[in-house]
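First chain A sits with chain B, and in the next complex the same chain sits with chain C.
This part shows the complex of A and B:
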């Protein structure tokens, strides 16, 4: 690599990585909840994110709605979509062997993506709402990324508040710790499944809304987030929801540094090597989790 | 009875061997496609059908073979047949590197590690542009005759079926099945699970490698997105499940029936093709997890080794 990397560039890489990581954390938290409560790997998570992005795009394009305000619509909208998916299909593969849930959610994902393709074409669209950067000494903070990061952080915090303080949130955590025992304690686990999937879909949709102000919106846009989210779950430790948050930040950091020192194209490869290494050395996750 | 079955099998093989002389090129190319899917579904069966380890990125080996062969043909001027054989070697090498650590992972973690492998190989292929042509891919000279590919692909499909039969009738196969049923118990009985899983994984990666090489030669052009689609992995899984996983003829049955079905649906309903295929996925997953052959075996007490 001929270009010498200065301290400023390093700082820039770290900051950009962390900004991306906040978003990963929020999206992955949804996937972690589904995996924790139902043992289902939701391959359709990226597609739900795409739906959220389109919601924001259309609200912005048709009604000129502020993209950050549209979170108030994309979250409940995707919550409902999630509940419907759970009620119609996913409930059949709860606690089933992983192959069933993988195939079923894969089908949901191509089905929705195809619908999106038919309805909205494969064109790349963008929400041109905020551009430019804040300059802070040697580093430039892109405005949309910074604000999206703050929103992601705030919503993740709210989600944790819900999980820790509310009765339903506690029931969700109890179900993910031990399904049968939770049932014995009088928790309606089917209802918890519905709420969990709705909440997770809502988080994915919110993620999509936040992504739409930074990157292009198109039917396949969510695919990359599926593997990233799972990576975050592994980093944080399955069943360890606060771990998912730090996992997201770590993944963002690794990607930021990898694209600085090697190439943005190889950041995925580095992240994969990281995944395999972690799974081998600490199968319960970097941060302590349930095996 | 055994002699009769043997005679029928020989007759079918002879008919398939003579077929290209009597039918149109369309039929021959369709047969190549079916052979390819039999080989792929059968290979997936070797690791996932027998040991229960779900390889959710099996197309990575297919793509590795395809790129190895394409590079050797276009850059080094090799003949397509040895180039494809070398493709199987690189696919097996990849399986060795990845299988050694990843086969220790359990359940969903292995599946996701394999899914990630596919993304990673694609990213690497796009990155090393000087060899792979990056996103533009590699163009190969158009082929003069598809008959040689027919025999080559048919040979690989036959080899996969034979290997599956040899495995299912051997101690090796029984041990693999014991891993699927209860890995811990198998280990306690003295089965060297780590090594056996790796052997099965290597075998199941070798055939897609060579098939990938044939595919590259046959289609004259390969590029990253068309060579590593998750849909290919899903298709081989569904074909195997539809026919019956962990059986010898299940993948053959599934690949043949679904290929014919797809060809018919493709031709008539281009737009809802994926929706129909998706509905099939759901039906197989939810209603018939044992597959056609599994159900038949259970109902009519057929031997385990078909």
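This part shows the complex of A and C:
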């Protein structure tokens, strides 16, 4: 049934898309960092996101903690989880063939998701903190999404600041540009790996916390974000961190508009079509990344 | 020579005696061994919540039958596996139950799509499957001999809502549904009912299973501003749609969901956002079927939590199956089938009677509405506890 798309609806679609995109960008940045520095495709990224969401859920359910305040806990908590995972497992597959890292992180992902299911059951839970929206003329700005978006933007900005200004951040970028050369220059790449994985896990966990105020929390919630992050990285160009940011926004926008113009089923396909097109036309990403 | 033939004869007797003894022991063991009933249930995945209630219903039924001395002198024992809400897993599990675990009986899984798939296995092995939670008509249009339906079909889930809407002179309706078997049938059934009441269907769209963001659908819906919105949903999507309707300020005069709205967690997850939402259910606390009140009490005693209709539905189906077996006095599929076809009883879950396809014809639906954090029956009039709160106020005017 064709429906005439008015300007107001279009604007609403754009806004909804961008709000979702901000979050994709932040989560994908973590995945991009790990890939850039270690050449590891972290399939467990979504599971880390799920852990962050549960952290927020439990802090909210048990102690009534403001979900946005719980970022202060979910980020360091997941940072530590990330460091432990890196220390125990992931360091073995750094710079190994992609298949090894895929297998390893896939295993981690299944293991954690199933442990979560055992510990917390498969029940869907929700953080009923902020509901409703601000109405601006024809546009409804969802409160939880708007605030989550602002936090995602802010945290992504801080992460970029860290990467660009701090010494450790520069070392991370150096390692991602040329691992051997960085090592020759006196950078302890093992330590950089640890920090990178921790940072990435922290970003995923923060993403989880922010997702939990919008959508249901359950052990398998992270899976779609793995695919989306992967797509964002391909869009932005592997190893190109600002690319991950714009890739996230673009993906959100495309999804938002597609769901407006196409049926809900077709709009799910759009993301895949986008992936194939980019790989065909511009395999290095829109903002040319490292091949 | 003579001695040796004598010895042979003796040996023969010993052998026969041994065989006889063996048979005797085997036979008495079989008499005491429980009847294993196999089922796959969605314990994890998207149907986990509702699958859990289904399992509870089966376990309660088995416990009750066993407390009363069992079935045909034997105890019932459920063998339940987790199908992870996946049809392919369910098919494998029923194969395993029937061929490896050698269960003597099977019961249906949760949900139409999974029953649709799993019943191909039970039919192949000529096992009766009493489908306790499959409501899609097309499942019974495949000519299966051993599949029986116990709940009302999907098509009439929203009969109450459409009727209430028509009574109030509402003219337009928008329908969305998960793109799976049951939800599709529920949506198209609702559309047929609405058309019969001369309502105009302004939108009908399906979304894939697992969708979490309904913004696009809802923005389009908001532009059309229909009087009634119906979601052919399961639990997670029902919650997400309701929440996002609030976020996007979509304001129909009536909003109903097919599945999910009757689950206690719907109110728990959504809090005040759940108010005014209509849900349909196969059963509610205030139905007056014999044993219904006892069921509620016993459930709370056994599991110490609230439940949705899925528990009594599974329980009722299991009771129907047991009754048919009692009358057949056998576990033979064809004998039970004969009984199931002519059986006419009312369990705690309601009426049971099927046509020659095994399709349910007697059971009745109930429409409820969330009012002040509670599920209140508003239709049919004979069961209604209260009048529906109408119209649903716009989000901006709610506290």
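The working rule: the second predicted complex is superposed on the first by the 287 of 291 C-alpha atoms of A that agree within 3 Å, B and C clash if a C-alpha of one lies under 4 Å from a C-alpha of the other, contacts with A are read in each partner's own complex, and residues count from 1 in each chain.
The working rule: contacts are C-beta pairs under 8 Å (C-beta built on N, C-alpha and C of every residue); 3 or more make two chains touch, one makes a residue touch a chain.
Note that this is a predicted model, so its numbers are computed, not measured.
Colleague: Go through the superposed model and pick first if A:102 touches only chain B, second if only chain C, both, or neither.
Modeller: The first partner, chain B, only.
Colleague: With both complexes overlaid on chain A, does A:144 touch chain B (first), chain C (second), both or neither?
Modeller: After superposition on chain A, A:144 lies in contact with chain C alone.
Colleague: Once chain A of both complexes is superposed, is A:234 in touch with chain B (first), chain C (second), both, or neither?
Modeller: Once the two structures are laid over each other on A, A:234 reaches chain B alone.
Colleague: Let me test your reading of the model: by the given contact rule, A:38 touches which partner, first (chain B), second (chain C), both or neither?
Modeller: Neither chain B nor chain C is touched by A:38.
Colleague: Quick check on the superposed pair: does A:216 touch chain B, chain C, both, or neither? Answer first, second, both or neither.
Modeller: A:216 contacts chain C only, not chain B.
Colleague: Contacts for A:131 in the overlay, against chain B (first) and chain C (second): which applies, first, second, both or neither?
Modeller: The answer is second: A:131 touches chain C but not chain B.
Colleague: For A:265, decide between first (touching chain B), second (touching chain C), both and neither.
Modeller: A:265: touches chain B and chain C.
Colleague: Both chain B and chain C contact which residues of chain A?
Modeller: Overlap of chain B and chain C footprints on chain A: residues 263, 265, 268.
Colleague: Provide the residue numbers of chain A that touch chain B in the complex, in ascending order.
Modeller: 35, 39, 41, 89, 92-93, 97-100, 102-104, 106-107, 110-111, 114, 118, 227, 230-231, 234, 263, 265-266, 268-269, 272, 275-276, 279-280, 283
Colleague: Touching residues of chain A toward chain C in the complex: what are they?
Modeller: The touching residues are 1, 3-4, 6, 8-9, 12-13, 16, 20, 117, 121-126, 128, 131-133, 135, 140, 142-145, 215-216, 219-220, 224, 255-256, 258-260, 263-265, 267-268.
Colleague: In their complex, what parts of chain B are in touch with chain A?
Modeller: The touching residues are 48, 54, 56, 98, 101-102, 104-105, 107-109, 111-113, 115-117, 119-120, 123-124, 126-127, 230-231, 234, 237-238, 241, 271, 274-275, 278, 281-282, 284-286, 289.
Colleague: What residues of chain C sit close enough to touch chain A in their complex?
Modeller: Checking each residue of chain C against chain A gives 43-45, 48-49, 176, 179, 202-208, 210-217, 219-220, 222-224, 235-236, 239-240, 243-244, 246-249, 265, 269-271, 273, 395-396.
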